[in-house]
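Two complexes, one shared chain (chain A), two partners (chain B, chain C).
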Partner chain A sequence: MINNKSKIKTIGVLFVFAYLFIRLFVYSDSVQAQEVSLSLSPPITELTIQPGRSYIQVFTLRNDGAPVTIGPKIFPFIPLDRQGHAELIEDKNSVDVFAPWFYFDQTPVSLGTTGSRDFYVKITPPVGTEEKDYYFTFIVEVQNENNLGINNSLAQARIGANILISVSKDGNPSKKASAITFSAPRLIDSFSTLNYKVVIANTGFSFFKPTGKITVDQIFGSTTVLNLAPLNVLVGGAREISCIQDENLIPCTLPGKFLIGIYRSDLTFTIDDSGTAIAKQIYTIAFPFSVLIGVAIIFIIYRIIKRLTG
Partner chain B sequence: MSMLKLVFLALLPIVYCLLPDIVHAQGVIQSPNYTIQMPNLNSGAGIPTSSHYGISTTIGQTAQGLASSSGYRVKAGFQYIYSIIPFSFAISSVSIDFGHLVPQTPVTKTNTLTVASGGAGGYQVKASENHPMQVIGSVSTIPNTNCDTSCTNTTAGVWASVSKYGFGFNMTGNDIPADFTDSTYFRPFADRNNSESPQIVMSSIYVGRGRQSTVTYKANISGTQPAGIYNNIITYTAIPSY
Partner chain C sequence: MFRRKLVISALFFVFVATFASLSFYLTKKTDSASLTSASTTLANSRMSYKAGVATGSSGSSVVTIDAAANPDITTNHLFPGDVVCFTDAGQNGCIGNTTYTVSSVAAVDGVSFNLTTPLGANLDTSGYVIATQSGGWTVSFTTVAQVPIGGSLVVTVPMADNTVGNNAIPDHATDIATGGFDLGRLGPSNVIVSAGCTPTSWGSTGLVTSIATGSATTDHVFTWTRAGSICSAASAITVTVGGPGIVNPAPKTSGHTQGTADIYGITVQTKDSGGNVIDSAIPRAAPVEAVLISGTVDESLSFVVASLAGGAQTYCGSQTYILSSATSIPWGHFAATNTFYYSAQQLTVSTNAASGYVVTIEENDQMGKNGNTCTGTAPSAGDYTFSAGTCIRDTVCASSNCSESVASDWITATSYPGLGYSLATVSASPDAPFFYNEKTRTWSAKQLADKTQGGETAATIMSNVGPVNASSIYVCYKITIPGTQPSGYYYNIAKYTATATF
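Now for the complex of A and B:
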């Protein structure tokens, strides 16, 4: 009797153990690598505002990764290079200087998968603010949990959107531009491509977009127009301007597989599509040098062979 | 009439019913107080709001979208390219777990960075660390790598020797710095604790969709490395071009 009871007990324990074992290794949820996937819109806000006035911009963040806790911040930035990249100024003093400009809820919030959150950022340059440009980046930062596991690094994601602010009492800040560089090779082989480099500098008091084109005239031939992309050029800086086609930014390159003759290229642009046009002109000669060299080499080889056999 | 023709004729009305209606682009939305030209608000964000002003925002249109009133003027979103694809950034795995480190046995782990800047022009992703891999509450660190001979935050170098210790990273894929010549080239992360500026690890001046790079993290310790649990935080900041 006692033996039977013991057997039943043992079988019961074994059954529970087997169930837990199977449950652990067969039915347990697969552990997914924690992915962070965020999107932020709009990517840029361009604001011209009087001192003391307010404007509210809504930034929408969407989470397509694992659930996260996020926190918003705003940092001033300066242009890093001529490519449109920003260098955030994250030191506390620089951030604190502009703290009275921005009002937004900085409380960290949790976002589930496919969740989204609107951040209302009220921008108010204080009365008496100097009339000039101020550049900022709105950043949403994932709040990391404590490190897990041993000897590990945690990857923290931050995503940003730029805010360009021109503080102006009359709404018409002075805008000035100069074309620092408009260049292309003077002499090219007919089988190479004709690439243009356009660098525009901002010598005024407010950011602007160049509106213009490169008109390429082949002497006694066709005319091709390359449209400049209206990229922002920030105060005190310069920007390399690419071209735009079908709403895609592309290098400013003359299309065509075989170029020959003299090409006259005219750069013309205005600031924000108004005012006097700024213009520059360059010439390029395209000639089939590679063909010429090839023919010359063949001729020399032919002469050598002829001399050796003769 | 053959059977095939009969079947064809029978199917015609069905095919006609399945054909979609011609879709007309919305031209203008108007009210007595405001006009939105070429409305394209399905990107769903960034609509300026104000209780006092009429707003007209064009997101991703070739036409200019300008909200103006007696106090400010605003444009939201790039006016010359579609903003339907928002600026997005993804990291495939946030935890880079090296496990137990054995002296002179380098361990590598990877994750993937993905950027879609369809709604912006170009973009940049910068990386930095809060400090070198360190035992919490201790001064023991796995130093940032100097590679086999030398490398810096901005210039990668070959790191293949098992007797060169430290922590660093390599990159492969789209829009990465040119100095990551191949998988043997590594850099240390910029150390914010040492006042070093975050460095660009991905960038482009063109619109990109699904631009992807793989980061390979490498840790190698010496026989004299103090025992402990080492960790740090690598911060990736993705920002669209202005």
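Now for the complex of A and C:
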């Protein structure tokens, strides 16, 4: 009798254990990997504004990672290179100079997982602001507290959206461009590719986008058009311009597996699709040098073999 | 003899009379049966759009419709990309033989829309704006009785009364009974029996024998005669209308609710050689307004910093790594000096910004003891003395110094103490500017850019000139301290900044 009771008890315990074990796997909640995951929209704002006038831009931040506390800031930036990268100017003096331009809630806010926050940034270049371009980045940074008490390097994630501002009284700032580089090899092997390098400089007072194309004419042959990507060229800087196809940026490369003959390439572009076109022309000769060298090597080997066997 | 003849004649008469009477009174006419599994499938079931024109001037790309009693009185059923034709009141084709494409439809007023190109002429304000919807049909059914040689298959398609039923202009009427389809200038080669009962034995090798376009009072009729062989009972037959297809009607002008189908009956019959109906069915064709499914995708940039597991891992080569978090590299207590310690994080970027993105890395300072300032980029004396501060320096990697902008192979823990980092690809992402194993190096490394105290420029660690979907890299940190490093709590802050390319 006691034995039976003991057996039932053991089976009961085993059953409960098995149930809990299965439930652990079947019903357990999904675990979120520890990560900081932020999205910011829109990533770039382009604005032409009169001094003294205001514009409100809304930046939407979404948190898809673990709960975080974030703080918004705005820093001026300068173009860093010809690839469209920016260098933030974070020293206090530079930031303070432009503090009157921006009004937004700078209080750090906590965001739970999947939480989002709209930041309303009121942009007001003061009356009397010089008519030219000003570039900023709206930054949202994760607030870390260094209280680990152990040797460490804190990793602080920041995500930013660029703000390009042209201050202009008449809304029509002076825009000027020059093609400082339009190049391609003058001589290429027929089996190589014909790559173009286009660098456009901004010598005016407002950023612009070039609208244009490279037209490649094979003498006595076909014509190929490569469309330039409308990338921003900032004042005082230059930008290496890619080509665009089906909304994808691609290198400016002449398609084709075998090129032969003389290729005349014409670069033409306008500023923001208006005004006088700027043009440059270059020539490239494609010849099957590799084939010629191959034939020559075969011929030499043949002559050597013939001489040795003769 | 005569009597016998009389009896025989009388009996014969009675027999004939009885036979005739029985034949007349008892024989019942056979009723025709219903074809089974009958259906009509429209490849494009969207109703045609037809509204009256209110305004539309040459050179303008804005058109306003007339909200009066026409098939369509709003632009709810007109969508971007629709090709529209403007007719006169008599619907005599597209004016100027020109069609236009709708670029957008005003959601606010419900009666205007924009074209992708300006109008070439003023519109006829008594005419119509039409977006024709047409498509192929598939009519299927199964015979109940056989169709004899010489018999026929007849499909009747309703046509709108008192209209031109074969000009490819969608027709309309007040109700279903008087409405119907336009044949859209179908040819015989477009109307075929495509399956069932040896299709080539119907009509002219499957092609319709005749297309009778409807009139003011009659409907469209497709007829196939049966030749060659009997079509047996229980045969599944499919009729296909291809080519330009049949033009769907515009909504009926009376009692139509948008989103509710106008249902038309398509009559299918099989007949014997005498034209008597053998089987018949009336499958339904139900054109209805389409639904515009649209959504807006905002341009955005997404940036993820993820922790990575510790232990034996292969993030930047096979090493023992310290577990990281998303917000720190917790080196903890250095159990050994002149020994490399590794830890890593994973960065992932997604953006639909056309010109791509960039992620930079910088540090607020070198690792200062209790957070003290490490003035300059290099120690003022020894390996850890920075003027008044004590720090774990940024490594110089090797005799051929690495810096925040130049990488160098860092393999000796004893001679080159400090903190450095390297990068590795994840899922073949090419977005990093250098990798730990580049140039046949063991561990190609750089310093973190000391922006605040060293005046260095933040270094790019990920970039792309176009949109990317979950482009990802490992950022691997490495540290070693000399045996004389003063005890204490050392820390600094590494900042990742993700921005869209301008």
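Definition applied: the second predicted complex is superposed on the first by the 270 of 310 C-alpha atoms of A that agree within 3 Å, B and C clash if a C-alpha of one lies under 4 Å from a C-alpha of the other, contacts with A are read in each partner's own complex, and residues count from 1 in each chain.
Just so we're on the same page, a residue touches a chain if its C-beta (ideal position, glycine included) is under 8 Å from a C-beta of that chain, and two chains touch if they have at least 3 such contacts.
Treat the numbers as computed from the prediction; the structure is a model and nothing was measured.
Trainee: Label the relationship between chain B and chain C on chain A in the superposed model as either fit or clash.
Mentor: Clash: chain B and chain C overlap once superposed on chain A.
Trainee: When both complexes are superposed, which of chain B and chain C contacts more residues belonging to chain A?
Mentor: With both complexes superposed on chain A, more residues of chain A are touched by B.
Trainee: With both complexes overlaid on chain A, does A:Q245 touch chain B (first), chain C (second), both or neither?
Mentor: A:Q245 sits against neither chain B nor chain C.
Trainee: Quick check on the superposed pair: does A:G171 touch chain B, chain C, both, or neither? Answer first, second, both or neither.
Mentor: first
Trainee: Just to be sure I read the superposition right, which of the two partners does A:T113 touch: chain B = first, chain C = second, or both, or neither?
Mentor: Touch status of A:T113: no partner.
Trainee: Taking the superposition on A as described, I'd like to know which of chain B and chain C A:R53 touches: first, second, both or neither.
Mentor: In the superposed model, A:R53 contacts chain B only, not chain C.
Trainee: Is A:P43 contacted by the first partner chain B, the second partner chain C, both or neither?
Mentor: Touch partners of A:P43: chain B and chain C.
Trainee: Have a look at where A:Q281 lands relative to chain B and chain C in the superposition and call it first, second, both or neither.
Mentor: neither
Trainee: Please state which segment of chain C collides with chain B in the superposed model; the candidates are 199-207, 253-261 or 469-477.
Mentor: The superposed arrangement places chain C into chain B at 469-477.
Trainee: Would you please give the residues of chain A that touch chain B in one complex and also touch chain C in the other complex?
Mentor: Touching chain B and chain C on chain A: residues 33-44, 60, 64-65, 79-80, 83-88, 135, 137, 139, 142, 144, 148-162, 164, 229, 231-232, 234, 242, 247-249.
Trainee: Mind listing the chain A positions that touch chain B in their complex?
Mentor: For this pair, the touching residues of chain A are 33-50, 53-60, 62, 64-65, 79-80, 83-88, 118, 120, 135, 137, 139, 142, 144, 147-162, 164, 171, 229-232, 234, 240, 242, 244, 247-250.
Trainee: Spell out the residues on chain C that touch chain A in their complex, using ranges where they run on.
Mentor: Touching chain A: residues 298-307, 324-334, 345, 351, 353-358, 360, 363, 367, 371, 392, 419, 451, 457-458, 460, 463, 465-467, 477, 489-502 of chain C.
Trainee: Can you list the chain B residues touching chain A in their complex?
Mentor: Where chain B meets chain A, its residues are 43-50, 59, 62, 71-83, 86-101, 111, 114, 116-117, 119-122, 124, 129, 133, 167, 197-198, 200, 203, 205-207, 217, 219, 229-242.
Trainee: Show me the residue ranges of chain A that touch chain C in the complex, using the header's touch definition.
Mentor: Touch list, chain A to chain C: 33-44, 60, 64-66, 79-80, 83-88, 90, 135, 137, 139, 141-142, 144, 146, 148-162, 164, 229, 231-232, 234, 242, 247-249.
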